[in-house]
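My structure is below; once you've seen it, I'll send some questions.
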Amino acid sequence: MKVGVVGASGYTGEVLVQLLLKHPAVDLAVVTSRAQAGKPLSAVIPALRGVDRGLRFVDSDAAALAASDCALFFLALPHGAAADYARAFVAAGKRVIDLSADFRVADLATYTRYYGAHHAPELLPQARYVLPEIAGERWRSEARLVAAPGCYPTSILVPLVPLLRAGLVSREHIVANSFSGVSGAGKKAAEMYLYVERAESAKAYGLTAHRHLAEIEEQLTLAAKAGGGGEPVVLQFNPHLAPMRRGIATTITVPAAAGATLSALRTAWEAAYGAAPFVQILAEGETPDTAHVVGTNRIDISATYDPRTRNFVLTSAEDNLMKGAGGQAVQIMNLWCGFAEAAGLT
Amino acid sequence: MKVGVVGASGYTGEVLVQLLLKHPAVDLAVVTSRAQAGKPLSAVIPALRGVDRGLRFVDSDAAALAASDCALFFLALPHGAAADYARAFVAAGKRVIDLSADFRVADLATYTRYYGAHHAPELLPQARYVLPEIAGERWRSEARLVAAPGCYPTSILVPLVPLLRAGLVSREHIVANSFSGVSGAGKKAAEMYLYVERAESAKAYGLTAHRHLAEIEEQLTLAAKAGGGGEPVVLQFNPHLAPMRRGIATTITVPAAAGATLSALRTAWEAAYGAAPFVQILAEGETPDTAHVVGTNRIDISATYDPRTRNFVLTSAEDNLMKGAGGQAVQIMNLWCGFAEAAGLT
Amino acid sequence: MKVGVVGASGYTGEVLVQLLLKHPAVDLAVVTSRAQAGKPLSAVIPALRGVDRGLRFVDSDAAALAASDCALFFLALPHGAAADYARAFVAAGKRVIDLSADFRVADLATYTRYYGAHHAPELLPQARYVLPEIAGERWRSEARLVAAPGCYPTSILVPLVPLLRAGLVSREHIVANSFSGVSGAGKKAAEMYLYVERAESAKAYGLTAHRHLAEIEEQLTLAAKAGGGGEPVVLQFNPHLAPMRRGIATTITVPAAAGATLSALRTAWEAAYGAAPFVQILAEGETPDTAHVVGTNRIDISATYDPRTRNFVLTSAEDNLMKGAGGQAVQIMNLWCGFAEAAGLT
Amino acid sequence: MKVGVVGASGYTGEVLVQLLLKHPAVDLAVVTSRAQAGKPLSAVIPALRGVDRGLRFVDSDAAALAASDCALFFLALPHGAAADYARAFVAAGKRVIDLSADFRVADLATYTRYYGAHHAPELLPQARYVLPEIAGERWRSEARLVAAPGCYPTSILVPLVPLLRAGLVSREHIVANSFSGVSGAGKKAAEMYLYVERAESAKAYGLTAHRHLAEIEEQLTLAAKAGGGGEPVVLQFNPHLAPMRRGIATTITVPAAAGATLSALRTAWEAAYGAAPFVQILAEGETPDTAHVVGTNRIDISATYDPRTRNFVLTSAEDNLMKGAGGQAVQIMNLWCGFAEAAGLT
């Protein structure tokens, strides 16, 4: 099956390209980048020296791509830039997996509040937000366009969603703290992302109003509904920059629901993820470490209960460029197109 | 004034020694370490090459030290080891500043629950827990022995205590997440602290039961009492190891008290810290960065309010070896002995 | 084909195990470690969570392993510990790839001078030192036991050997400077390898007498002989520890032979490596970067000529745990057993 | 004594400002930066929060500055930009210490070959290149303008110059390899200096033609002349970027002169540096570590001899922003103005 990547010259795009080049069931036929058009992949992604099959970046052209024989396209463009491609591809019957936030939020008012005017709202009904382990299966037949979740949202939704659905945690007083490697900020040359500025530095940023709140709270509210709650869920999301290249460590503090036990929590997790190849539930007493997941599509999770505060403390670790972006996008493709879920991801 | 440091060969002791060697008002007369006895300071602390005044480590001997002409001793020993020295020094009328946890907790039952049997409980009435900016002044005349606060506790108490005293925040649902450089773990050669294990790695540890909860909750409860509350304060404290050498970044989420505003919070901070040379209240919209404080005795703090959750989010950054340990100990000495508060700390 | 790894709980062993678990043509049947016997692979190598096929470490037993149906064994033991296994395996007709230095040096006197008494000198005639790109092909039929080269030697021999063979460089005044990630020191818990000691630190060590000189100079002398020289080659080898986990960057300064040009050098490299899947000759003006090769089995090399000094300056970058150890061992197996050279290494 | 810093908003300027603010004998009266004009120092240099004495950056104006009552100016501008200031200040009888390369090279042809047209050649006769430990004392009365040496040159000249003067080393086949923290590249926002690009990365750059060769070879040639040699000295200088913020580790391989011994080398070093407060000669067997000198004005050096190659291997470690730039500039001021050599540098 031929696939293409649109906008492949940032960190997310590079990881996606590397995964697709090695995927046993697809043929990466086209890789676009306006800025790098004409250059061999290995000239821009040196890790691909010798293995880029001579592929070169081409300039983006939505119509030409839509007319090509690629069956599926990944969009790895900056927010807001995906609209034209999405329209053209969906109209041409191509499958689209979008890594930007453009189609992650179903409620248009919410999207607009965080991101500004939507560029292709008419596509929203055909779009599905797919975090594979919690999205069920109907999207595979319903979606024409899939929105891959954001990196921070993945790290928060995986631990929390099954617990909200099972009514095991409160919908109030949820606090999620995340520490992210610097690649999450993208490849732009700005002073604050210089090595000298970020090494040996930890810093909170984007407090109270990070854009990822839009999809996080929409998904948590849906999960709470399934668990019997009607109110929208809001949470405190505190992101931080960490002095590392890749990885997200998230720690969520949430009051236990009345009568909820750690044992019941683990049971809910087992039910949700016991068969999931990319979610590892750690043993009691263990906590995840980003170094153990970077380079893999895995998210490790653990939980503990504090009888003094009656909170559950949930922790997760993922690679922001893999399970948080490119790896998850490939996992979505695998499920959508009927490949083995872990194809090309081991 | 002659001073001595007992147990100076860990990271905390090394920083303390470097500060005292440059202090304009004291003469560092003796530095002890069983393991390094006989070696020049610069052989163990290479940063001191050329400036260690020929000083050598000597073996610890409580009686001899107590009989010396040092007026004040810093104890930088592992927890539980300070007791004999504390006894001998207090009996000899020497001032003692202890950097371990041994005298930080007034309630013996609490101490025992977290640390085990206390080795010198009879000294507790003469001990004072001194975080200078919140400890008031009476300790200067009352204390015979001062307990310097722990690194994490400093990063949590500085932002929270004035707000509890002023009744501006809830005493429930407090969540403190901290992210610490690896030097906080000490200089012991254990596999988990190897460079290869800790670089590019972020990881939660010590969840729900970290020893520092003992002093944190005792101090927060005192502050809440002053603010009119009677119940003990418990909080969720989530520490993490960060891939950096020094620094602690702490982010505290706490519900605002009814009617409390960000403006009132800033007023309370200004009142508490406006004249404090080592607390910097950042402008609105700014957040602290550990890289800006490492190497200084400063703690930078900032606050924001989230109308959706009605939480305050407070952040702080300090150097775990300076304001979190050695620097704060020198600051305590300055205040105790009548030197300029910032002497030797600029 | 069933294979086993003896001594798999250091950094080199862990990388080897991860490669063999994913190798399309082999079945990793046994993994031994005295210290970790009984534990699942994923308990010791967390990166393998979910993909370790339930394999557990077993205790080392040379006789039992020799009697098993594994056709080939990798020895990843500390220097000097391989002898018994090597003997038992060779006697049983198993193929052996040794990652230690025990069989890398043909001259017993040289070996003894650097490493001490040899534990299995009778095996030396059946052993071959195999850096695949320079070892030719005869070893595939002659060797009963293959010694995989050391990490630093690989980074020095790849650039230099073709040039000595072609008589393009002097055999005197060779200077090789190398910077290595800390994983090259192994997984032992020693203070000097702690994160706090090695972060933000660059330091020379092992000057003039590093053990790797034994194999480096033996191989360079062989190459010089082929190029018409008779004298042994000695070089200055200056290793350094760098504040990173993996990677070796080596820079070699060597006088050009009379009449040698950069163009002739590139021709010699092309002839030697043009078809080598794991050696990348960079374009003029480019220099290698360890970050571009870590995680791959590739070594990138470049060369420049300085008309003022009449030196060639050769640079190389490799991953010390891949091309410098585990990856190269798998590459050797592939060639020895008739698999595709890059099998399991892309 | 009032001093000023022109162009203070790069990493070198920031360190210089921090040193001068704490200097006991000078009053930092003016700090200029076109880009940051109007902002408080602490807004641009967060490490100065609370201690910047309310100073603000002002826009550069050579005439106004020359007419002020500052007695000495530091120029921390990019190469080529210092000319107008230098002229105005020298004409007004102000002392000038220039941290750029503009006045480091006495030979105009050499300067032009590496840097392009010189902007103020008429000042060259009044300029002196001052590496304090090797510059003697005459410059203090002769110079109207002092050129502070570059960071790499300092790390190479300190070990080599006394040995060339004493005829202990060859003037040929000198190879200097240096490994520098990323701050040496300055504060410009370019992709290659982003955290994600530089972390876990070691890479050679600027091979054979680095601009610092101009001053390095001019100084080495002078030293060789003093030792009896007439030929110009050329050397191989191989710089590398290291994954750290600050520090330079340099390793120099140079053939020993006939009859030269390690003992004679150490004697020559002792004679040259025994009384130098900022040069530490390490004991035999020790090698310098950048982590031990960063933050200090110290350069640590060590030497060893290899009887197989008959080379000396010299190593040095310094902080590129201190002894390699700002710290050395303050040291120069101290000597020039009659302050204690180490004033403000301990």
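Quick notes on this one:
In this document, chain identifiers A, B, C and D correspond to the written order of the chains, with residue numbering beginning at 1 in each.
Methods note: contacts are C-beta pairs under 8 Å (C-beta built on N, C-alpha and C of every residue); 3 or more make two chains touch, one makes a residue touch a chain.
Keep in mind that this is a model prediction, so the values were computed, not measured.
Comparing the centres of all chains, each the average of its CA atoms, the largest separation from subunit D belongs to A. Between A-C and A-B, more contacting C-beta pairs join the chains of A-B.
The geometric centre of subunit A is 38 Å away from that of subunit C, both derived from CA atoms.
Averaging C-alpha coordinates per chain places the centre of subunit B 47 Å away from that of subunit C. Centroids built from CA atoms put subunit B at 39 Å from subunit A. For subunit A, residues touching at least two other chains, in rising order: 181, 197, 199-200, 243-245, 289. Listed in rising order, the residues of subunit A touching subunit D in the complex are 11, 181-183, 187, 189-191, 193-200, 243-245. Interface residues of subunit C, counted against subunit D in their complex, comprise 173, 175, 177, 179, 181, 197, 199-205, 207-209, 234-236, 238, 240, 242-247, 249, 251, 253, 255, 287-291, 294, 304-306, 308-309, 311, 313, 315, 317.
Those residues of subunit D lying in contact with subunit B across their complex are 22, 46-47, 49-51, 199-200, 277-278, 280, 289, 292-293, 295-296, 298, 300, 346.
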